[in-house]
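There are two complexes below, and they share subunit A, which is joined by subunit B in the first and by subunit C in the second.
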Partner chain A sequence: MCGLGGILNRYGERMSGREIIRMSCMMRDRYDGRGGGFAGYGIYPRYAEYYALHLFFRDELAKERTEELLKDRVAIIKDERIPMRRVKEIPQENIVWRYFVEVPHRFSNRREYLEKEEDYITELVFTINDCIDGAFVASSGKNMGVFKATGMPDAVAEMYRVEKYRAYCWITHGRFPTNTPGWWGGAHPFNLLDWSVVHNGEISSYGTNKRYLEAHGYKCRLLTDTEVVAYLFDLLVRKQGLSLRSAAIALTPPFWKQIERMPEPKRSAFTALRMTYSQAMLNGPFAVIITNRDTMVGLNDRIKLRPLIAASSDDCVYLASEEAAIREVEENINRLWAPRAGNPVIARLDEEVREEVIH
Partner chain B sequence: MEVPLRKAKVSREGEFVVVDAKGVHYRELNELINELVERGERKLRLLNVNGQRYIADGLRCECYIEIHGVAGDDLAAFANGPTVVVYGDVQDGAGNTMNAGRIIVHGSGTDIIGHSMRGGEIFVRGHVGYRVGIHMKEYREQVPVLVVGGTAGDFLGEYMAGGRIVVLGLERLETYPEIAGEWLATGIHGGAIYLREEVDEDRLGYGARTEKLGASDRKFLKEVVGEFCRLFGLEAEEVLNADFTKVVPKSHRPFAEMYSDAKEG
Partner chain C sequence: MVRNFPPEFVVRVDREACINCLRCVRECPFGVHEYDREKKTWKRHHEKCVACLRCAYMCPTQAISIERSPMEYAPHPVWTNRVRKDIKTQAETGAVILTAMGNELPYPSYFDRLVLDACQVTNPSIDPLREPMELRTYIGRKPEKVELEEEDSSIRLRTKIAPNLKLETPIMFAHMSYGSISIEAHLSMARAAKEVGTYMGTGEGGMHVELYPYADHIITQVASGRFAVHEEYLKRGAAIEIKIGQGAKPGIGGHLPGKKVTEEISQTRMIPEGSDAISPAPHHDIYSIEDLSRLIYALKEATRYKKPVFVKIAAVHNVAPIAVGIIRAGADAVVLDGFRAGTGAAPQVHRDHHGIPIEAAIASVDRRLREEGIRHWGSIIASGGIRSSADVAKAIALGADAVYIGTAALIALGCTVCKKCYTGRCAWGIATQDPELRKRLDPEEGARRAANLLRAWSHELKEILGALGLNSIESLRSNRDRLRGVGLTEPELRVLGVKPAGE
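So, the complex of A and B:
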């Protein structure tokens, strides 16, 4: 019974981590202390043009080996230890470091081969996670970062000083793992480039989704089902250019009996998406919040087996596993509702939040 | 920076014991409620409730509990007698396996409201979520009743074994205007659902069928819808002046063939 929370300031105004920590604390009885985390967007304005790599190293050797690889592949603009407090609840298992990097021009040939700079960074992330023992990339987007560990979210926030960062979009997760191990890398949010995902539930289609993603060059190495959600959004939206609505139709499509009832040309469009992306379809009970640099999306499985509440005020859009978490931080709610199963709630900078009706 | 938990502030206003629940952990709040009830207090007013779970769970007395704020998961689960009035919303599982008593919700509710309910009444003024009334049951004079003013999500009355659910559809959602969602009454094998609208058979789940309303149904609706309207200040005559659909089980063993060769007699 994990707990999720998210806040997006529609006008891009940055807020300290205090609200998201309070939201998380309101749902403390949903967690068991084996994973907590936060992702903030807009936290590194001075280095906004560089990829911010947050890394966990088990030891100095893993750090040295990773830095050798980084120096070979990218230009490191700045690197530093992520400032952390000691908290008694969380043993310091890892060296936690951040690198602001860019893809230098001398790799232009390689960049052409890989088509896009973002694919180059993706490959770098997979190489580190896959090939360097004891090194793990927690996040790899621009002007954002993931702060996570094995522990209760409030202790994780205390450890990383989350309240000192300012972001226009925050998400949080408290974990209650039931069938995969609790480890720092297995805490949520899961991230790739600007995509971050927090998840409550299980992706029972994990095997099919994983094979589909691996055929498209992704590597699933994090010992948990959630990472496929981040990679599927990256593949469908960033690489293949689908709208968030179409991506949601692919991932949580209506049932065939519902598609059969649709008028044309809607029926053909839904049929095509469902057939094309049959291996991307997410099954099992879940609620997820997916974010990137300008968007926050909430999505439930097709038969609504996990809780998710959406709300908006004049300035902010909220998503959470429990209404109480939203009420804790926002007194002036204009609208609060439980989105329909399989309908994505899409909040974007400078736009009104909307629930896309696909079910 | 953990958000600190607070102690409950207790005061008295006439017959009411007033508890300020702001920031109070559910365990402490519920221990306090049990203690007050054991001491013989029969009227409690809980202020600033926000998501505390299990309020009024297992209470075995006819006390009156007013909740101001959002009642957390499993409100009044296993309750046997109390009247709980919520001025706000309720989260998942309100009335779970409730045996007797009343829950009156002025806001909306989410999923599995009335889960396995076996007696008592729930009145929700707003909307409710998915799987509401799942596995409600009845036994002799124990017939639970759940009345919803707005709409209900998918799987309403799933595996329902008894009791009565009434959905009035007085307000509709923009994103899904139907009075109740898909797979309505899937696996129903007892009890009945009344919807204040005509509903096509093809919207029903496996094992459900519609039936014409009889005189006893009209009498029942007059009573419970009348009570709903009295509670929330609505005009009963207007609300009752509509076509209702009654959804009932096709048989009391819808999955008989799935588990054995035994056929319905």
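So, the complex of A and C:
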């Protein structure tokens, strides 16, 4: 059991971390204190054009070795210790640092520059996580960051001073781990570039998904199943150009019986998506919230074995494991509903939130 | 010289129960039971008995029992009874020992050393009686990615999808030729395949006219003998399989003796009646991967790119790079036939000593195709020694897309694995062309049993998926995380890509 929460301000107006912390606290029963975290989008407006790398180091040596690698691969615009308070519940195991970096211009004279640049950063992240003992990249997107640790979410928020950041989109997660040991890197949100994921449940198809991703150059080494969700969105949406809706069709496709009843040309499209992405399909009980710089998506497994509630007010869209978490922070709810199994709820900046009916 | 050759079986007849109806005399195709009408005496030729058990089940008074002969040579761990008998046989005949069905040596089975996971608490298992559970599988080339035209709620496919076979269950009937088995056996499997929504292979003997109504569920075969291969034949089936080798006898060809080439077989195979049907070891136009590629595309051209083309090979030491080459050469699926695969006739030395286990072949081919980033170019079909739904599940978890079953299908039709298929005297009407023996297999009953087997295994597969907390077979494919090895060595675990139990 875990608890998820997310808020997106449709107009891109930034809000302090207080509300997401309150949402998180409301679902305390769902956590056991072995992992909590937050991700905020819009928190670094002064450095918005740079990749913000949040890093955990177990010791000075790991930090030195990482910095050597960073200096070799990217230009560091600024780096600093992430300001933190001491909290007694969480032992200070790691050195936590952030780097604002850009990719040197010698890589920029190609056409598909942006995509290449993102692949370049992805590669860098995998190299650090994979090759440098005791170093871990918690997040690598622009104008965003992940704050997570082993502990209750409220303690984690207190430690990172989450309430002092302002973001137009926040997500949170509290953990009750049953499958993998609790460590800082194993807490949610998981992140790669702009993609962040919080997840409740289990991806029973992990082995299949992992091998599919590995064949596409991703390295799944985090000892947990959630990372595949982030990588699958990155692969399907960023690299292969699927829309969020089509990616959801690939990840939680309707049953064949439903597809057979569809009219053409819809049936062919759904059939092709399911055939082609059969190994990307997510199976097992789960609810996830996936975010990137302008979008927040909520998604359940195909038979809805984990809770997920959606709501909207005039300004904001909410997703949470429990209705109470949303009611805690929003009095003027226009609409509140339980999305159907396998249907993605897509909330984007400047758009009306919608549940895509694919099932 | 005295022929000191103990029989394998002894036929015991309860004299009190026997009513001298002589049914056993008519039923036994091997001439075990002999009755002298004048002297009114019985003689049982124990040495001819193959333990097919036909007589025992047909005897109206259940007077017959077949037992293993208690008479054996003195025990010796190295010079086993079988070794001694083989040597004596060869000393007598000067010939290669012929046999049938699959590898008999006690190699360990990896399937039996792999166990499946199950859900407890944190991930609920799924009840297939209450929730949808999907086994549908597509065999063939998949695109790297799908391109769509999307507007508001409309969605339209722009990518062209290569032809794929749609299987309602990931189990197909393996290629066994008409000639090696009877038309009744073929009809049984064809009907069952159509009914359940899967496919059967013709083998290299062509497609008998009686199978035409089921042709959309039949995979035709192009083997080194090229029997029956013509445009109509290729176009009639649902897919085409080029057979390079088979697991029961890797590296060697086949031989259907002229006396088995009856009129009907001669018509179906398109060879003269009574002539030997010889399949050479290699295809005489394939001496390299380029040649194979040319044949693949020749077949695709002939069928206007509407039929997927598979290539079947025996699982041999270097199976991974060979399979990769086959997929790169344009095949839509590679069929891996493991060293336990059955056959109608093979030299014992080949059957028992060539090739590698199918489990290792699946794992290494799946891995290599992924490493090269071309796993989606073609499917992996595993065959050879698949005995149960659990074997199917494990094969898929190791990386196969679907499996072929041969021996298991024949057993469903009544085969008792007596290993005498090559004699053409099958007591159960399966591996025979004798009109009298063939009557013993009723294709309608056969179809019902073959379909039942598929249904039973499919049902069990759904239960297995449910226990794993999955509701679709594609989430088991290559999901080696849901397998653990018991009693396997480090290198074996590494090849199979699974962790030891407890880890």
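Everything that follows uses one rule, which is that the second predicted complex is superposed on the first by the 350 of 359 C-alpha atoms of A that agree within 3 Å, B and C clash if a C-alpha of one lies under 4 Å from a C-alpha of the other, contacts with A are read in each partner's own complex, and residues count from 1 in each chain.
We adopt the following convention: contacts are C-beta pairs under 8 Å (C-beta built on N, C-alpha and C of every residue); 3 or more make two chains touch, one makes a residue touch a chain.
Since the structure is predicted, the reported quantities are computational estimates derived from the model, not experimental observations.
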Which of subunit B and subunit C A:16 touches, first, second, both or neither: neither
Contacts of A:303 with subunit B and subunit C, given as first, second, both or neither: both
Partner chain(s) touched by A:129 [first = subunit B, second = subunit C, both, neither]: neither
Which superposed partner A:215 touches (first subunit B, second subunit C, both, neither): second
Touched subunit A residues, subunit B compared with subunit C: C
Contacts of A:341 with subunit B and subunit C, given as first, second, both or neither: first
Partner chain in contact with A:269 - subunit B first, subunit C second, else both or neither: second
Common interface residues of subunit A - those touching subunit B in one complex and subunit C in the other: 303
Contacting residues of subunit A [partner subunit B, same complex]: 18, 21-22, 25-27, 29, 154-155, 157-158, 163, 258, 303-304, 307, 309, 322-325, 327-328, 336-341, 343, 355, 357, 359
Residues of subunit B defined as touching subunit A within the complex: 1-3, 26, 50-51, 53, 69-70, 72-73, 89, 91-92, 108, 110-111, 127, 129-131, 153-155, 173, 175-176, 181-182
Partner subunit A, residues of subunit C touching it in the complex: 119, 121-124, 126, 131-132, 134, 136, 138, 142-148, 150, 154-157, 159, 161, 164, 370-371, 373, 375-376, 397, 468-472, 474-482
Footprint of subunit C on subunit A - complex, ascending: 178-179, 201-202, 204-208, 210-212, 214-216, 240-243, 245-246, 250, 255-257, 265-266, 268-270, 272-273, 275-279, 281, 283-285, 302-303, 305
